[in-house]
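Two complexes follow with chain A in common, the first pairing it with chain B and the second with chain C.
Presenting the complex of A and B:
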């Protein structure tokens, strides 16, 4: 029996329906990407383009400031995975297990910060972190814990963590919604059968929910890693990368080199390296998920 | 028959207006950042509107952004060679933009209209002049270093007059600290606040003008002891607690707030803050505010009356503009650098790039009169340091001075990194 034309459009129709989308994607993403890669193989001293091959890349790899800002990104990614995805997963499981009242209302409230613009979130948290009148320090002073007050955005040792907190706060809702969607695809009968067999909430989560959510976890991790490497607005608005380089992320570093030092081609090279790093980290994560954490056999129920 | 009549009438209606358009319609694209409601921006836009009224065949299509965004926008456009007809340009960008062939030479236009040239303040023309070529007109005159201090607080802690030696200044800082005041309110989140208003003039206190001129020709280096001495002097201030602890997370607007609250005895910014003090400070703070500049450094080679200033921003014409369009553009520039325009700016409390000897002083804030008086009798304007060094120096200086403040770099390391950036900017 050959497939009907309804379910397998011919090539002409395929081009017709997918064409505009691919054209737009190509024009807005692929062409600038190719242009950026080409650009990164040049220098632009005094606005004059000169081909230099991989010289920019060699310089970046030897640049300690680049590795320091990458370290900041990795801190953000690590904290995001633990606190954004982890918290969202716990809340999702709790909401699903009917231990929570008004889950739909809670879901909306937790999701609300996701739709805020990063600049708004940044400015809001700058006010919260203000040393004299901000929420945190005022609260600490009012309960007599003045010695715990910090220079949240001035102390180079803690500023990267201060800048990560708003990020985590903002996007827990996004992962919550993703996990809720994933959880709704788990057949209820499985969980009921386990309950009858006397499994606790923890055991149900560990042996049924988690393996069946492996794909959802993969998606969440990929989002967290690529988001963590792309992050720019929050640190930029809150501290401008400072003090010094303490809260500079790689995207900001590329921006500073391109527009601050007037080295646009160097900035392009940093951007290309960010893409490569993203790719490597994501491939690594997928490999670990598929072969180490959840072996393929676990997920076949 | 009536249909034919209608067609002919219709054609007539099309042709007559076209024939009546004897003059060529010129549209100039102009890019600037005078987009907000500040006095200077309003005067600027009004001057353009007056120009359009006086030249009905010319329309100026203005594209505006904010000040900080403009710098990025300009760099991107210059890199791709796509600047508009008329645009504002930072003095630091003149040499690189000229090297890329993007600027029209206004030298011949100035030579043909001597009145126009003589109306400009020589100190405001330096940044645009290279030999016989002139590449922009000044939009203003600015002084980027002024210490705004509260005489009432000084009296309260027992400092009778503003310190005139470096040691006296440091002990004044300690006295103010002990009395519970923030000696100098600083908001350095944007990094240029230390790089220019605070440190720019301090460099000249330490090195003098000769070292600066030699730096630009490559005969002096940032690593020379004179410059390192300047960085060490600034470090001294940081170490004795001259600044508020959250200096690197506040903006320059927020540093003024600390001063207006009476929490700080001084703040340092350029003359653009005079308008803010006049309008936003409480009356008692405003009436007690006076102006000063850094005292001389103990072992410094510069003189104590030098203060950084210049035009900073200018307006240039794209080299690709020619013919009637270029004439219109030159007329627009003349309007924006006329003595009348300069007088309007001065009477509004700003400073002008033109030499205006007759203006109405009665409406001016007291600080403006004080500034103009001190500039006329005591102070000497020296170049804004980062406007004459390669563009990357401003960014490097901002970053390394911040790192110096938090103890991540020593003065020698700051000097080395600056010199490395200088070498890269010239050699690459």
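Presenting the complex of A and C:
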């Protein structure tokens, strides 16, 4: 293919054209990563760095607050997978049926929240959850369910669910368009043939749509898992992690330690752990999806 | 829209009166009813925000659901009179536009090399940039803060350009690279035979062909940079460099009890992204799907 000698650049050319990009990318991605690992092996009492080896990591492993924050991330991930991906999949399948009036318009409407700033979405939901004038409590009062009104963001028992709902709400549209793209790659003839053979909607979904969407599911799961570990802005602006630690996620915990208690090196160690965890979970998802849930044979319909 | 209407006829007229027809009509109502209801839940909160931002506080306290008696812009005028929003608008526009332009420039060149050139380390370079997609960015806030603090890069006009460009590169490179791959190599070869130099070939021949994907990447970049909060939070202090999301956060502190005023601020913060979305809906969706599927 690449017959021309033109497309075999010498080293000088490579440095000239690729250098600037690699420099900036390296400066923002690799240097912080290396710096983070290096700092995580130190303490910074009074801004004096002192090498302590793995002491920060040992402290994190014994730190129940860290595990509690991580548990919050896992709750968010679990709820996202069930309600966000689940809902998006159902809606995508419905929208893919020929019965829908204005699929493009509906898709654009459902996708809309995705483009809003996390800060705006966070504040919007602060207003929605407001105890006196919020949408939820006002609605409940107006239909006579006064007793169902909640202190949505102030009750430590429910606050983690309250901060998860805006996330689910905002990004359902993203998963919807991902599933719609996956569905559009399934040949219509296949579904029609099954219909002629008398397959029900459920059977078509179970035996054709689901297995053929294996890759799409993988993308959606990886997005939900890596996204769930990255959560920071929404809870940050809604509750700041409170009350107490009840809505603190790992990124917020690293932030609090680093900037609230000025333990920058300890915060760096948490950062390194989050990155490792994120990679491990993504690998695990890919492995499980490829080898356990969607085995090779399943895909050859 | 039209294809939907056509299929309606196709679905119903032949067996309109049969049992099958009635069952289809029932499921038609149920599916469309459900989808419209669901779409309403995704859009209503923002619409609620818009019309309540035009109420007085008293009007809002009376009924949070009703439309305002008359749509007054007093809350907006108050914000503009106060003036703190202007430097924030400027900073956000500056950061979004400049970093998007830089991302396009750098990513296009790298994407072209990855797509067309054969050199040692090409696959390594590909993985090198892929790595950036997998990194959980908020985890890097602390290390990046330390790094910027050490070299005195905190809180300048150009501070935020670095992370915005650095983390914008990966997805831009992949989107553009796969687009260039689909362009027949003969086009490049013909240009080379005609004596085009490499910069000419890239700028005059390939870049124009890539316009659709460049548009997609620019729109995604603009939206992402406009909305970005975490880096701005840890790297910016001065009022003059604060971006819109930071401004909104300070603003909220002052407007704790003034809901309509707060809502007007949130609408102002969203106007640019909403306009971009209204114009480029298809491109935005396409870009998000393309970026996600790259995993």
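One rule holds for everything that comes next: the second predicted complex is superposed on the first by the 275 of 301 C-alpha atoms of A that agree within 3 Å, B and C clash if a C-alpha of one lies under 4 Å from a C-alpha of the other, contacts with A are read in each partner's own complex, and residues count from 1 in each chain.
Convention: a residue touches a chain if its C-beta (ideal position, glycine included) is under 8 Å from a C-beta of that chain, and two chains touch if they have at least 3 such contacts.
Fair warning: this is a prediction, and the values are worked out from it, not measured in the lab.
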Would you check which partner chain A:156 touches, where first means chain B only, second means chain C only, and both and neither mean what they say? first
Is A:67 touching anything from chain B or chain C once the two structures are fitted on A? First, second, both or neither. neither
Identify the partner contact of A:148: answer first if only chain B is touched, second if only chain C is, both if each is, neither if none is. neither
Touched partner set for A:264, first chain B, second chain C, both or neither: both
So, A:174: does it touch chain B (first), chain C (second), both, or neither? second
With the two structures laid over each other on chain A, which partner does A:45 touch: chain B (first), chain C (second), both, or neither? first
Chain A residues touched by each partner, larger count belonging to chain B or chain C: C
Following superposition on chain A, which residues of chain A contact chain B and also contact chain C? 130, 259, 264
Within the complex, which stretch of chain A touches chain C? 1-4, 6-9, 13-14, 17-18, 20-22, 24-25, 27-29, 31-33, 35-36, 39, 91, 94-95, 97-120, 123-125, 127-128, 130, 133-135, 138, 142, 169, 172-174, 177-178, 181, 218-219, 222-223, 226, 229-233, 237, 250-251, 254-255, 258-259, 264, 267-268, 270-272, 274-275, 278-279, 282
Chain A contacts chain B in the complex at 43-48, 126, 129-132, 151-154, 156, 239-240, 242-246, 256, 259-264
Mind pulling up the chain B residues that touch chain A in the complex? 71-72, 75-76, 78-79, 81, 96-97, 99-100, 189-191, 245-249, 391-392, 394-396, 399, 402-403, 405-406, 408-409, 421, 428
Under the definition above, what is the set of chain C residues touching chain A in their complex? 1, 4-5, 7-8, 10-11, 24, 27-28, 31-32, 34-36, 38-39, 41-43, 45-46, 48-49, 60-61, 64-65, 106-107, 109-110, 113, 116-119, 125, 128-129, 131-132, 134-147, 162-163, 165-167, 169-170, 185, 188-189, 192, 198, 223, 226-227, 229-230, 234, 244-245, 248-249, 252, 259, 262-263, 266, 269-270, 273-274, 276-277, 281, 284-285, 288-289, 292-293, 295
